[in-house]
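So, here's a batch of structures to check.
Heads up, the next two complexes both have chain A, just with different partners, chain B and then chain C.
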Partner chain A sequence: MATTTPRIRRHAPWTPYAFMAPFLVIFATFVLAPALLGIWMSLHDWDFMLENRPFVGLDNYLALFDSTSAVFEMFWNGMRATAIFTVASVPFLVAIPLALAVMLNRRFPGRTVFRAIFFMPYVLGVAVVGLLFRFMLDPNIGIVNGLLGTSIPWITAQPWAWISLVAMTVWWTLGFNTIIYLAGLQDIPSELYDAAKVDGASAWQQFRHVTLPGLRTVQLFVVTITILASANMFGQALLVTNGGPGDSTRTALIVMLAEGLESFRMGSAAAMSYLLAVFLGIVSIVQVLAMRERRPRWQS
Partner chain B sequence: MYTYNALTRRRFLTATGLAGAGAVFAACGGGSESPGAEPAEGGGGASGYDGPNVELAYWNGFTGGDGPVMQQLVDQFNSEHANIAVTMTVMEWADYYAKIPTAVQSGNGPDVAIMHIDSLPTNAARNVIVPLDDVAEALNLREGDFAEAVWSAGEYDGQRFGIPLDVHPLGFYYNKAVLESAGLDPESPPTDRESYEAALEQLKAAGIQGHWMSPHVFTGVLTVQALVWQFGGDLFNEDGTEVTWHEDPAVEALTWAVDLVRNGHSPTDVGQDADAIALQNGQTAFNWNGIWHINTLKEVPDLEWGVAPLPNIGGTEAAWAGSHNFVLPRQRTPDDNKQQAARVFINWVSQQSLAWAEGGQVPARNSVRESEEFQALPEQSALAQQVDYLHFPPAVPGIGDVFADFNQAVNEAVLLTKEPAAALSEAADRASKKLEENRERYGG
Partner chain C sequence: MAVLTRPPAGSTPHPPPAAQRSGRPPGGLARQGMFWLFLLVLTVIFIGPIVWMFLTSIKTNPEATSVPPTLLPSSPTFEAYEGLLQLEGSYPVLRWFFNSLMAATLHMALVLAVASTAAYALARLHFRGRGVLFVVIVSTLFVPGFVFLIPNYLIIDQLGWLDTVWALAVPGAAGAFGVFFLRQFFAMLPTELEEAALIDGANQWEIFTRIVLPNSKPALATLAVLSFLSNWNDFIWPIYVLFSPERLTLPAGLRLLQGAYTTDYPVIMAGAFVASVPVLILFLFTQRYVIEGVSRSGLKG
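Right, the complex of A and B next:
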């Protein structure tokens, strides 16, 4: 086909950019500029109240790798807590919503009500959920131990504290992933299921060979977003366990908050958050590479 | 800062990447003034205020039973001063200390505020608050008017930064009904180690865990701090440059607290506030809690309780205490009228500290504390007996940073995950490094 005909221009060259501009302005102001400022801060001993903000080069970063520094233990304990939470919560947050979505996708009376019920906790703020669970899980006077007749230290001993935090996070946020999966399920053409049935596929085989492949891109999105959300866990641990027992649930974000906004070492806190960002970037890339859509064999 | 409407669409192209970022840099970069840039003084508020009408923003963290009492004082002040309108904003203390510096930096800080005594040096060093020696002078406040520890902790670098409003010590609360049920005299609670341990044993024999030992800051860490001083130790050396909480007296003190759990006088894994609630519910007999707890317990119907000075467990009389202080946040563009009115307000409230005492605090002023009216408040005056042996953190900038380490040590030891000595010395190692960094930072 001939492509030499000059295209008729129906809009000014800057039109597409103008459409993107509102987003770009907000993005630049609240994401890009702070991110750049963060890099600048991380190279200084930065306290916004003090005039003296000496340039320290990479010292803030090097301190994070120097086991004799004041921040080393605090930071890596925080990273470990974040890693534990992410590894423990993501499988549940991916699998349970998938199962729920498959169930809620079937036709049955009250389906909409159940969809709303499962989504409902997600609209609550973390402060509400955190306080609620702190009282319910109180080891001595909480209703959970009261009803079960046990005296399990839900929030004051490990591994219970992690179990509590993971369970409450799953309860709180599973609605979001469920909705995403539901949308994905509704995109899978019903002809595929019909064809599978004609071929004699069982329910499990339909799930395995039609549903799962149909959800591949949705799955990639859900896993990525869930890993990032779990790695940014903050409010639950701050409110329910306050980082305890000891510092075992003091996640990386709580450490950064303390370093930057309580001890006012913002340069050091910025360096920590960049290191965490690098880790998350690596994890996301690896995961996208592992899960990206492979071309069917006959195309390659 | 965000000038969406002023930009044409065309300008967006260049504005987004450059100006947008630039605006943020500029907004965050400017405005730190050199220390000592003092505002107008104007007689420290004693001469009154007769200028035009002003509105004062007054921030504090009185979220508990003390909030309404302070609001009443503010209302009374407003009705007595036609040309000054004070608006009080209350927020959680934890958010408050992060928020105030940011607000001050952006020029939106309050005109007058409250800070705890241990936060004064940090905020003075960081230029968040300005000296108010003139207010102290105008109020004719002298060292002799206050408990010595309260007065001296309000000074930093030779200048006064806080006008003490109150002292809030730790006290010894007991449930009379529980004591009676175990055959103990509800009117004479234990006062020393021997009688305290004997009472605990008798309670245990009656199936009661007498002293729930909390692993949290409220009230466990405060209890342990009081014990450390009682056992003759301290958390820091005299000038606050070195950590001493890993030394023998502190280890002894923490061990005593942990033994409450080991000897069955406390359940393991006590939750946040569960110790205080257990006392209310009649599940335990004793709780070392702050003076602010008086009003909470007063509201519990049919609860028979009492409060007394802390029993002397370690051999030296000592108790933990905090103190609320008036401060003047730095203003980016000082308004002489507001500066003057703020001083009038501080001056006035400082003279009403008896009214404040009813909110559950011990007045900082000796004269009020010794007055008949104050003595008529039985609970508050009982705790005021401790005033000569109260302990406050040293006046060193950044001292708050290292408390996180002490809190963690107490938490680990009381939860029985670490031996007291090991927990304390590990925390001391971490804290020493922070103290050293702070010395460099604040040039101390």
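Right, the complex of A and C next:
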């Protein structure tokens, strides 16, 4: 950070600000301003369609906790759907990429090709992935039932709908976490494995006592971003199950965007988004505290 | 150590596989077989659906929806693609394609321009508030993006940008990732060349454009590809800020197509494939940069 440069006059005092200005203008307009505007909107009865947008204090937030309000039911149904999806998908998105990364970390011909193959679905957009899986999971003509010889209602009944959404998300995004684990694995000094082998450690023991402790920081990062990404679940549920069956896969983000950008009750929607963000913040803090405990001996 | 284990000249550049290296008993061959079989199965799982999308797009609709499904089309046909092109009017797929291309290219150019200049100032120039500014910018990386959606819709509306390409290309350029990513790269560049250029009387703009940028091509390429991909694939934002059928991007348009052609799977898969080809080709040629960029994003944790 501190570049050890002699204090000579290298540029006019305004030069740095000129370099910063283009980004700062966009940053102020589309990050700082909306962050403040969102809070302000959430404190008003901000209806896009109305002239009057009276100040209502915390009413938009309180309504989310009031079981008699119009939004209570759908908001918490959405929160529950997002929570189910997160709890169901994060373990797979943490464990499978770790296993793949350990496998790809071995030296064998073509490993960079396989690395690219596992990552490939990630470069597709959710719209493409959603349409593709809607077709493949079709109960009547889909290839998944065709190959399995089953007639499972993948989209129209629970728990199949959740299984479908989790499986397609794992297929789609697993390459991202794999690459991050792989980078982490390559940072573990190979001397540690040599030492473990000298001590007669089995492959499993090496994984348990060298690999896992060495990946602790990376693991923390992966779990955090995967929880964040799962909480953003939107496109898959919209395109594959369309929130169904019933409203069971109508996630918090679908509810929030419908409230704000379809019904145009933006004050209420802004309150929803902040409440979801606060929940995520709490989850992240708890998870960081839970995972920070033991550090690998060679890192402390 | 490295010298001792170096393979004799002319041998394969790859070190021997782990099984051989650790001198496993003869069972090793079977294990190797299992390993490659496992890789093959995984490859089919990961590529299969993408291939299936293409195969379906060159089938006739009766064949695409036949039970049991046929693997290969009995008589390949491009009628689904011809059908797509004839959908002008409410579903101008070609138009969507160019809209996506335009938005993603503009977005990419904007990200490179504003992120590189800001990153240069943060990495190399000295000014009051630099540290605070950097912390503020980086801290927004930890704020979930959905909290900006509703208020940004309002801001875009105030700017008169709803239903225009600006709504797609500009707001995303406020993201902190590009600035953070390039700043870390610029900070690692050696300063000697710049010192020499300064002594020769170069100003900061010349140093930036003639020394720093040319020496940062890999980082700039990574950021370019990542920002193009994310903008091309964006779904949530375009479906809300665009309304006119002729203004949509491909992902937003695909949703309309799905709604209108629920059961014409070859047409839907052809649309999906058209949206996939540019990013798959881009990935094919730039996968090193993409994967490098993603690995780096993990190191900040």
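FYI, the second predicted complex is superposed on the first by the 260 of 300 C-alpha atoms of A that agree within 3 Å, B and C clash if a C-alpha of one lies under 4 Å from a C-alpha of the other, contacts with A are read in each partner's own complex, and residues count from 1 in each chain.
Assume contacts are C-beta pairs under 8 Å (C-beta built on N, C-alpha and C of every residue); 3 or more make two chains touch, one makes a residue touch a chain.
None of the values given here were measured: they were computed from a predicted structure.
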Check whether A:29 is in contact with chain B, with chain C, with both or with neither, and answer first, second, both or neither. both
Of the two partner chains, chain B (first) and chain C (second), which one does A:244 touch, if any: first, second, both, or neither? first
Looking at the overlay, what does A:79 touch: chain B (first), chain C (second), both, or neither? neither
Between chain B (first) and chain C (second), which, if any, makes contact with A:261: first, second, both or neither? both
More chain A residues in contact - chain B or chain C: C
Answer with first, second, both or neither: which of chain B and chain C does A:155 touch in the superposed model? first
First, second, both or neither for A:166, with chain B first and chain C second: neither
For A:270, decide between first (touching chain B), second (touching chain C), both and neither. second
Does the superposition put A:114 against chain B (first), chain C (second), both, or neither? second
Have a look at where A:17 lands relative to chain B and chain C in the superposition and call it first, second, both or neither. both
Touching both chain B and chain C, residues of chain A: 17, 22, 24, 29, 33-34, 37, 48, 134, 140-141, 261
Residues on chain B engaged by chain A in the complex (per definition of touch): 1-2, 4, 7, 9-10, 12-13, 15-17, 20-21, 23-25, 28, 32-34, 97-98, 101-102, 104-105, 126-128, 212, 215-216, 267-272, 274, 277-278, 281, 398, 400-401, 404, 408, 411-412, 415, 417-418, 430, 433-434, 436-437, 441
Interface residues, chain A side, partner chain C - complex: 1, 3, 5, 10-11, 13, 15-17, 19-20, 22-24, 26-27, 29-31, 33-35, 37-38, 41, 48, 100, 106-109, 114-121, 123-128, 131-136, 140-141, 143, 146, 171, 176, 179-180, 182-184, 217-218, 220-222, 224, 228, 231-232, 234-235, 238-239, 253, 256-257, 260-261, 266, 269-270, 273-274, 276-277, 280
In their shared complex, at which residues does chain A touch chain B? 14, 17-18, 21-22, 24-25, 28-29, 32-34, 36-37, 45, 47-51, 68-70, 73-74, 134, 138-142, 151, 153, 155-157, 242, 244-247, 258, 261-264
Touching residues of chain C toward chain A in the complex: what are they? 14-15, 17-18, 35, 39, 42-43, 45-47, 49-50, 52-53, 56, 64-69, 110, 113-115, 117-118, 120-122, 124-127, 130, 133, 137, 140, 143-155, 170-171, 173-176, 179, 187, 191, 198, 203-204, 208, 229, 232-236, 240, 250-252, 254-255, 258, 265, 268-269, 271-272, 275-276, 279-280, 282-283, 287, 290-291, 294-301
